[in-house]
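Paired with chain B in one complex and with chain C in the other, chain A is shared by the two complexes that follow.
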Partner chain A sequence: MKIVGEKYARSDGVVKVRGEALYTTDLQFPGMLFGAIFRSPVAAGRILHLDISAAENSPGVHKIITASDAPRHRHGLVVDDEQIFTSSDITYAGEPIAAIAATSLAEALAALKKIRIEIDEITPIVDLHEAIDPKCRLIHQGWKDFGAPEELFRSNNIVGQMVYDDGDVDKILNGSDFVIENEFVAGRQYQAYMEPKGVVASYENGRFTVHVSHQFPFNVRDRLAKALGIKSSAIRVVGHHIGGGFGGKLDLGIEPFACVLAKSTGRPVKLIQSRAEDMATCPVRENAIIHLRTGVNRDGQIIATDMDVIMDAGAAAGDTPYLSSIPLFLAGAPYKSGRTRVRCRVVYTNTPSTGAFRGVSGTYINFAVERQMDEIAKVIGMDRRQLRLKNLLHDGDCFLNGQVLSDASILDEAFALVESRAPWTTTGKGKLRGVGIAAAVWLTNPLPGSATMKLNEDGTLGLITAATENGSGAVAMGLRQIAAQEFGLEPDDVLISMPDTDVAGYDAGSQGSRTTHVVGRAIQEASIELRSKIISVAAEVLEALPGDIEIVDGQVGVAGVPASRIPLSSIAIAAKSMAGPLVATGSYRTPAPEYNHQCATGLLFTTFPTLTYHVHLAEVEVDPATGNTTVLRYIVAQEVGKVVNPDGVRGQIQGGVAQGLGYVLYENLDIGTDGKYRQKTLEAYRLPIAGDIPEVEIMLLEHPDLAGPHGVRGVAEPPIVPVAAAIANAISDAIGAPLNTIPVRPIDVLDGIRWAQEVHPDRQV
Partner chain B sequence: MKLSLTVNGRQESLDVEVGTSLLHVLREQLGLTGTKEGCAEGECGACTVLRDGKPIDSCIMAAHACEQSEITTIEVIGDSPDHPSELQNCLVESGGIQCGFCTPGFVMVLTALLKVNAAPTDAEIKHALAGNICRCTGYAQIIEAVIATAKTHQ
Partner chain C sequence: MKEFVSAQSIDEALDTLSRFGDDCLIMAGGTDIMIQQRTGDIDPRRYLHIERIESLKGILVDEKILIGSTTSHHSIVSSKNLQRLCPGLVSASATVGGWQTQEAGTLGGNICNASPAADTIPSLLAANALVHLKSSSAERTVRLDEFIVGRRMTSRLEGELLVAIEVEALPANASEVYIKVGPRSAMEVALVGLAVRISISPLGIVENVAIATCSVGPKPFRAIAAETAILGSQLEDEAVMNAVSELTQEASPMDDFRASARYRKQVLGSALVNALNICQLQHKLREQS
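Up next is the complex of A and B:
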């Protein structure tokens, strides 16, 4: 029976379509209280006076907690620059100062308004160039004392710094036929998962139980333990359906507040962010400035690259120190960069902190690299696609860290596939139409996972894992089908538990497209053991040699004797009176590829394992009256290793492209001089709606990854990576002007049209 | 203040504070959590229910404005857990569901659409969905599900 590769409906489809699926926001517990967080109204300053007395006497209030009665350990994912509550310095607008638990949410919110605070306000630092200046006021006075890895090379407001240098880059740049220099700017992008962040926490017998809709329950456990100053075993994190995450629900969020309130009231406390609060305070994709100089020979060969990146961490580092490594990989892929220097600095500002969003910094670094390719082509007078093919990586070429890309020639195939669908020389022609192309190499996150499998007494399979179903289908389709395939069962006969850190082995969360690849492999490891247990019981039951037993389509029998087959359920029942229940566990982590450990300083993210390859093409039309862009066609060629479920793969590519389209055309959290976002509602933020998104034309490549289950590589994260570049290149082509800022707003398009007419008055627009 | 309305065919008489949203009444007072809150500002459509057969954002609808109205929520679409509606089946089959948080709202809007227009075009579907945001799917498989539903009715 072939299950992997086939179309099967997802396991949670029916409960979701009927509204029965419970998300954290739907949970109710007896005696439950409702929480709310009092946050700083200003972005920078010092608290002079805090008065909670009126709020404490407000109806329904059970407890108000401030820094003086909460744990005050410094904590953080990489740098210990966070605290549950601030008692003095304010580093961003929205920084938590107190938390309230009340009988109802309305009472909690009413009490919130009665908290009085006096702040000695100072001007927030929001500009990256200002913040990075060594003479700038420190965002964190005590930065030197924060726990952090040595190799971050922190100094003043710089919280992470990665430097790579081949040497002599300036010399080669100066000697090249052409030097193309551009600056690219990217704004912040909000994940805008449809379920705002929430948590319900309770405290009994010295342990916390924390209910979440989170992509990474074990990270919640471990980060909470540090924040609360307790053992991780004193925390149980229970996962529920997740209303979207896209990286925004990987790090610790508002869980500590629910925990401190639950402990102090002795009641379960539910804390759900409003959309406005979620938007204003949660870590979003960072804004950044990329300066790029490229040396090119007359024949189009790139011989030198100098990339300098400044990323905005906001007021806390979060995972951004890791992200400073991404430019190293993308500066030298998918195109050879010649002699190269890459520097990336991550900088504190008085703004809400930034963090992971699908594709992370890859989205805008790819934008810079691919926009630069178009600008190079224009300067040297070469066809844009030809320039790319000339510099493309091939089998055996290396990333700048020395890691060999053994199968990079897949990129050639991907370019050819796109060409077969949308011929370059005839696509995007016509007035105010344009075509753009962009390619990318991406990784599959290697972090560890595990699976426990049991053969149930009715012949179904139980799968216990802390892998999370964030909506992608990685669990509800991918893992379910991989597990079913191992025993020839129907996917419906595989029952998957919700994540629970007390029950399942460690799992590194739904990030970097890792779940199907890594946990799928763990399932295969567990299956080897479970099969051998089944076979030894079956051998006894069937009075045959273990070597002669086969498992076929959910049945066990003697090989070659179909009449001997009995259902798996009878083996599970028999096992109870023999060796005992049939349970097995498997673990997996992708081995790290070889790389040059001395290649760079500050490299926290050292390799790109389990590679995927991507070529995207966009055809657009621009409205010269409004500056609006319509994406007419969007084509994706993507290497996926092996399709597990075609609907799942398609949904990830279609959805990833939609988010990329929003990123490049509409979405932006503008930071005001007050350190707050100008967009305060979803409407102002402008997410893509159905009418904005074309049906993506998808062409898949399936070169199996040798380590992946059935050859699977990661699928879900990278479809967003080249989208901004492909679409911006298409618009630039349509109007004849460079567009080097994300998002490309209608006003930028109109300015571009005007600029192009001034520069090339004879060009037909 | 008293509020009488029909919810999913059942007559309800409730004590509701003035200014309370219909969404709050449904979720917190009647325990109908299938209707979701994505923004509480009328911007995402996750809270869509039918009021006298027409889709509305229940988060910005004052409960008292629904006095004597007939409200239909996701809980009664389809006959039973084993028999979802044709549209629901098609959404599951097409892969038009990912995280599922937007899904009840889409089902309500599209159920209403199919009632007045049994075979909507692509443009008509997109028009009907202008107030519903799905961050996961990129919409294509949702639209396909509507077209598939229309086909089964022919």
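Up next is the complex of A and C:
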């Protein structure tokens, strides 16, 4: 029976469509209280006076906690720069100051309004160039005392710096036929998942139980342990259905507040963020500035590259110090960069902290690299596609860290596939129409996962894992089908538990397209063991040699004797009175590729394992009256290794393109001079809607990855990576002017049209 | 707890209004109100629900056109009569949010909410709309441009109910359009809204013109100076450019996170040029047939 590669409905589809799936917000426990967080109304300053007395006497209030009721030490994912509550310095608008537990949410919110605070406000630092200046006021006075990895460079407001330098880059730039220099700017993007963050925590017998809809329950456990200063075994994290995450639910969020409230009231406490609160405090995709100088020879060969990136961490580092490594990989791929220097600095500002979002940092670095390719082509008078093909990486070429890309020539195939669908020389022609192309190389996150499998007494398969189904189908389709395939069962006969850190082995969460690849492989490892256990029981039951036993379509029998087959259920039942229940466990972590450890300083994210290759093409039309862009056509050629479920793969690519289209055309969290976002609701923050997104034309390449289950590589994260570049390139082509800012606003398009007319008055627009 | 009265007749509604006056908030489709309540902009003690009153719904075409105040945008969009006699309003109603909003939202609600971005108001202004108001003791008819007095402000008196909107039918030799500018294909707040109703003589001379806008000032308005600039013209470039300059001068758009004032002004001018082009094209097609 062939299950991997077929369209099977996802296991959580029906309950989600019917509204029966329980999310964290749906949970109810006896005696449960409702929490609310009192957050700083301003972005920078010092608390002079906090008065909670009126709020404490407000109806329904059980407890109000402040810094003096909670652990005060600093904690963090990479840098220990966060604290549960601040009692003096305020570093961003929304910084938690107190939390309330009350009998109802309405009472908690009413009490919140009665908290009085006096703040000595100062002007927030929101500008990246200002923040990075050594003379700038410090965002964190005590930064030197924060715990941090030794290899992380920090100085004043800089909280991470990656430097790579081949040497003599300036010399080669100066000697090249052309030097193309541009600055690219990208704004912040909100993950805008459907379910705002929430948690229900209780405290009993010295242990916390924490219910979440989270992408990475084990990280909640470990980060909570650090934040609360307790052992991780004193915390049990239970996962529920997740209303989307896109990276925004990978790090610790509001869980500590629910825990401290639960412990101090002795009751379960539910804390659910409003959309506005979620938007104002979510670790969104960071804004950044990319400065790029490229030296090119007359024949189009790139001989030198100098890239300088500044990323905005906001007021806490979160995982952004890791992301400072991403430019190293993207500066030198998918195109050879010649003699190269890359510097990336991460800086603190008085703004909400930024963090992981699908395609972490890659979206805008790829935008800079691919926009630059178009600008190079224009300057040297070469076809844009030709320039790309000339500089493309091939089998055996390396990333700048020395890691070998053994199969990079897949990029050539991807370019050719796109060409077969939309010939370059005839696509995007016509008044105010344009075509853009962009390519990318991306990784599959290698972090570890595990699976425990048991053969149930009714012949179904139980699968226990802490892998999370964040909507992508990686668990509800991918893992289920991979497990079913191992035993020839129907996917419906595979029952997967919700993540629970007390029950399942460690799993690194749904990030970087890792679940199907890594946990799928763990399932295969467990299956080897489970199969051998089944076979030894079956050999006894069937009175045959273990070597003669086969497992076919959910049955066990003697090879070549179909009549001998008996259902798996009878083996599970028999096992109970023989060797004992049939349970097996497997673990996997992608081995790290070899790389040059001396290649750079501050490299926290060292390799790009299990590569995927991507070429995107966009065709657009621009309205000269409004500056609005319509994406007429969007084509994706993507290397996926092996399709496990065609619907799942298409859904992820269509969705990634939609999210990238929103990023480049509509979405932006503008930061005001007050350090707050100007967009405070989803009414103001414009997400693309169905009518804005074309049906993506998807062409898949399937070169199996030898380590992946059935050859699977990661699929879900990367389709967002080249979208901003492809669309911006298409718009620039349509109007004849460079567009180097994300998002490309209608006013930028109108200004571009005017600029192009001034520069080329003969050009018809 | 809030009190919720769902009136079955106009009299019942007027009676409730006379008793509670401004202590009672009228609710039609509720698509504006529900959001305002959620954000805390309003906190009424009492709701008077008027959506079930049959006599407030419907489109009457006689010598004049009367549209009941709780007629939904969807009913307007699907009305054969209005498609013919008031196509500008029809296309404006078709841009209000998405299908759900058009099903629940009403014309009267769009007017009384008096948002600077209310999509139907420019087309109504261009059709010289009048609003019919009733209270338990009196009735009056007011010009729409006098009814809308400012950003989210009307001259509705305490106890009054908007019962119907009266519009002039599009004359036989006339064309009209509504142009809404926003980046998304639907569910968009107008960054600029512009309605044009224009009558062109067989010789190509503008005999009558109405130009009205939304989202470019605290309230939607008729752009009289721009109208004057093209009245009597043959829509030659110079006249159109004068109208554009008058219109953009009169506009005082906001600079906000949605769009800059500079963008809105620039696009307003282009929208007028486009609208006039479309009307002229319609005129030519009519002449040919």
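In the analysis below, the second predicted complex is superposed on the first by the 765 of 765 C-alpha atoms of A that agree within 3 Å, B and C clash if a C-alpha of one lies under 4 Å from a C-alpha of the other, contacts with A are read in each partner's own complex, and residues count from 1 in each chain.
Basically, a residue touches a chain if its C-beta (ideal position, glycine included) is under 8 Å from a C-beta of that chain, and two chains touch if they have at least 3 such contacts.
Because the structure is predicted, anything quoted here is derived from the model rather than measured.
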{"item": "First (chain B), second (chain C), both or neither touched by A:G362", "value": "neither"}
{"item": "Touched partner set for A:G691, first chain B, second chain C, both or neither", "value": "both"}
{"item": "Which of chain B and chain C A:G655 touches, first, second, both or neither", "value": "first"}
{"item": "Partner with the higher number of touched chain A residues, chain C or chain B", "value": "B"}
{"item": "First, second, both or neither for A:R678, with chain B first and chain C second", "value": "second"}
{"item": "First, second, both or neither for A:E195, with chain B first and chain C second", "value": "first"}
{"item": "Contact residues of chain A, present in both the chain B and the chain C interface", "value": "683, 689, 691"}
{"item": "Residues of chain C touching chain A in the complex", "value": "35, 98, 181, 183-187, 189, 256-260, 262-263, 266-267, 270-271, 273-274"}
{"item": "Chain A residues touching chain C - in the complex, by the definition given at the top", "value": "624-628, 665-666, 670, 678-679, 683-684, 686, 688-689, 691-692, 745-747, 750"}
{"item": "Touch list for chain B against partner chain A, complex", "value": "27, 31, 33-41, 43-44, 46, 73-75, 77-78, 81, 84, 88, 91-95, 97-104, 107, 125-127, 129-130, 132-143"}
{"item": "Residues of chain A that touch chain B when the two form their complex", "value": "9-10, 12-23, 25-26, 28, 191-196, 241-246, 274-276, 470-473, 647-648, 650-651, 654-659, 681-683, 687, 689-691, 693, 695-696"}
